[in-house]
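Listed after this line are the structures, all set down as structure tokens.
Here chain A shows up in two complexes: once beside chain B, once beside chain C.
Right, the complex of A and B next:
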């Protein structure tokens, strides 16, 4: 498969008082056109930082220490890690769109939603004010804002959370990106609205052949939209597989534990994973999940564990898969 | 919006009326009798009575207030007790000086304060930022009459670069006008630059952490556009408040600065008329200063609605 976006061995460091601390360890991911990769994990597992790293929006406290982020296009391959900042700006909002978790705060309160979409259009497509506004209205209409031509003049505070998220999606898609990064886009929304936004994102992906990188901590949402899933734990990808395989035959003990935590009708007890996620300054040398794992043994602890091939498209970072599955 | 403006204007009228009452009443509290000032200590009781009658000082209070108020509404603030010069005309003669001084100082404070504050905020923690924090603390703490005297001594007396006192009308040569205003404006603006820079920095640092700034960056906008178009507009709300306060402060401080630099403005007129117990002159100048402050506050309030459309609803 020729991936549109390919992340290889990405390492992200956060500056602390005691020097740099690695929070994303050698993460490799790939998403193809028209495909959705679901990235799942608890808060602090490094999934948001991985996405922000793709756009190089890590801020001042975190930085990409090594690795490559390849964006394939008709004009060749760009490595976003080394791309000059000025050209990176053409990628942001142009080739790669991003949808954020908090629709209530993601929009500028001082400008109308139409202007905020049109601004992106003017920036990347070089349209004049009138044409950019027309395109903004079309986009708002496409993402399901009722009477978009009138509502485009309204400011964000006139919209509900779900409607604002639609505006953010319109903005992210305004310049026909090839990749859409969606960082927990439904987490802050009501369940019924969640469903609508998921459907919308799925439709838009299928219409334009977008590569969608979808981040969530919610396995139900991930199952709904993804083609493939990568599970992250403590800064590492611990398992990656096609969505049906991951849910039907999870291999990594963390994935299995996560799936057990999904409440099911008929059982009144909610399963939990014992213990807590290790902090990044005190990571185990071997398997990072070992301290919480019911299958942990001496082999898990000595040295870092690599991603093992389970099947052609299924990988897991566990040395005791045989014992775990049986 | 129009309804908001109308409502604010109505409050403004009421406010100015209350102030007019206070201004009128204030004069009654000033100790001493204006007739003594006018006639000297050796005046006969007959002379005093005659003068009091001609000045209308023996009329009932309400009548005196009404006479003053109706005059003021028509732009007639009475005549000076000392020179029988119309108050309105005295203010008109001198307002150019004070306006030149205050407006220049305000423009300097706002422009310099914003530039410094923004540069400090975008490189938060850098050397310029730390220098700004130090400099603004000094600027805020420094009494401005003292700064004025230092500037006079150094730039005026030692280096001879600028005149140390007096005023030149712009009509008599713009260069001369600028030179005469240079030291007083710098003196007056120093505190304002410091306050505005500090507020702009703090407010922009907070705003730059907000989600919508990250959204703007994710759209591929340039740093100039992210800060200038998006972050700054929200960050300006508290800065505008400080600017509004600066206008009142600059007017207040201009009294001192006009004294230090011997500028013939409203401030020095106000001081002189208080010493002379020239009641109509005091009333006129204080009323003018109040109206200016009230109008500036109105403009500040209205600007909130533009900066933050959410506030326009209330």
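Right, the complex of A and C next:
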């Protein structure tokens, strides 16, 4: 597979009073055209920081310490880690579209939604006002806003939560991106609306061959939309596999425990994971999940654990896979 | 034995600007037995939280009756009302805003006890430790402040506070919604254990249908202020009788890609309308695949099906006969 977005050995550090602290450790991910990579993990696992690093929107306290983020386009390969900020601005909202959890933070309450979509188009594609507006209306229509030519004149507060998220998706798609980063895009929505947005994102991906990086804490949503899944824990990818394999035959003890923590029909108790996620200033030297793992043994401690090949497309960061599975 | 009896409760709020009213809760009736859990599900704006606040006597309904253990909650005033409220505390969604950051855990969990006493009688020093033990926390946490605790620990403190006056009923308003999957599982297990050991009843309000199924004996589905379906949990989930319940259940993604991708799902049209403009007739009709003329004009009455299972739909017979797809 020729990945459109390829993250290699990404390390993100946060500055603290005691020096830099690594919060994303050697994360490698790849998403191909028309493919959805689901990134799942609990809060603090590093999944959002990884996406922010791709956009180089880490702010002043965090920085990319090492690694490469390759974006393949028709005109060659860009390494986003070293790209000058001026060109990075063209990438954000241009070749990489983004959709976040809360649509109201992405929209300006003072402008009509049509103006906001048109502005993105003008900024990135250099169209004139009339053409940009026409394209904005087309996009709003495409994402399922009824009577788009009329509603384009309305301001965000006239729209429901689901419709606002559609507007944000229209903005993200406005410049024909090759990659769409969606960070918990349905988490703030009602479940019937979530279903509509998931359907829409799936359609758009299939139509335009977008590479979709979809971040969620919801295993049901991940099961619905992903082709492949990467599970993150304490700043590391601990398992990655095609979606059916991950759910049917998870190998890493954390993935297995996480899947047991969600309700399933017929059961009246949820499994729990003992202990808590380690803090980044006190990470175990070896496997970061070992203190909470029922399969932990002496081999798990002492030295960092690498991603081990389970099958051609299935990797897990565990040295006791044989024991875990039996 | 019936602990909580709610009959025909309604509440409207004046809207900002305009002369409209928000009809937040309309004609809500249900019963909850001692030691049981009633799950209340629905999307945002369905009136779940308002219902809880009405039941607990935190806001006054425009109409209806609420009885706790045979006592009229709405007629109670002053000390009597405060005493009743201590028997039915609430746990909120966000443990970051529901705990006072300047208080120690000891002060937080024993406050309800202090409020219920005369000024000259101190709370026994051991009470905080007892309450913390109930929620699985070491006594040493009594000296800590909320900012020193994780989200899950804070929610345990909020639960300990709710248990301080040996309540009959605890209202849990999205009490685990802000927590991570693994933390949530621990809190849910704790709530289940506490119900077994203390016999406390729960009003479990949540948008998470899978979770409600797990913890509830009975379930009530709300849509735009009304209970559109209620009944024993397994009956409602196995054979939902209201088109909205069916849509809601089938919209929840299942964490199994094989099942999730092979489900036939009735399409749900659009979104929940504003409570400022509740549609005429059945409030669900603009989104309902089965809507006919009668649905547009007449609000359907609640029809009893069997074994306490009831639904408010003109086409209940049609749905229950054809079975669930």
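Note that in this section the second predicted complex is superposed on the first by the 326 of 326 C-alpha atoms of A that agree within 3 Å, B and C clash if a C-alpha of one lies under 4 Å from a C-alpha of the other, contacts with A are read in each partner's own complex, and residues count from 1 in each chain.
Keep this in mind: a contact is a pair of C-beta atoms (placed from the backbone, for glycine too) under 8 Å apart; a residue touches a chain by one contact, two chains touch by 3 or more.
Please read these numbers as outputs of a predicted model, since none were measured by experiment.
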| item | value |
| --- | --- |
| Side-by-side fit of chain B and chain C on chain A, or clash | fit |
| First (chain B), second (chain C), both or neither touched by A:110 | first |
| First, second, both or neither for A:39, with chain B first and chain C second | neither |
| Superposed model, chain A: greater residue contact from chain B or chain C | C |
| Which superposed partner A:201 touches (first chain B, second chain C, both, neither) | neither |
| Partner chain(s) touched by A:119 [first = chain B, second = chain C, both, neither] | first |
| Touched partner set for A:11, first chain B, second chain C, both or neither | neither |
| Apex chain A: angle to the C-alpha centres of chain B and chain C, given in degrees as a multiple of 10 | 80 |
| Gap in Å between nearest CA atoms once chain C and chain B share a frame through chain A | 6 |
| Intersection of chain A interface sets (partners chain B, chain C) | none |
| Of chain C, residues touching chain A in the complex | 43-44, 150, 152, 180-186, 188-189, 192, 207, 209-211, 213-214, 237, 247-248, 251-258, 260-261, 265, 268, 271-272 |
| Chain C-facing residues of chain A, complex | 42-43, 160-163, 190-196, 198, 217-224, 226, 243-244, 247-248, 257-259, 261-265, 267-273, 276 |
| Interface residues, chain B side, partner chain A - complex | 124, 210-212, 214-222, 230, 233-234, 307-310 |
| Chain B contact footprint on chain A (complex, rising order) | 55, 57, 60, 89-94, 97-98, 100, 102, 105-111, 119-120, 123-124, 155, 157, 168, 171-172 |
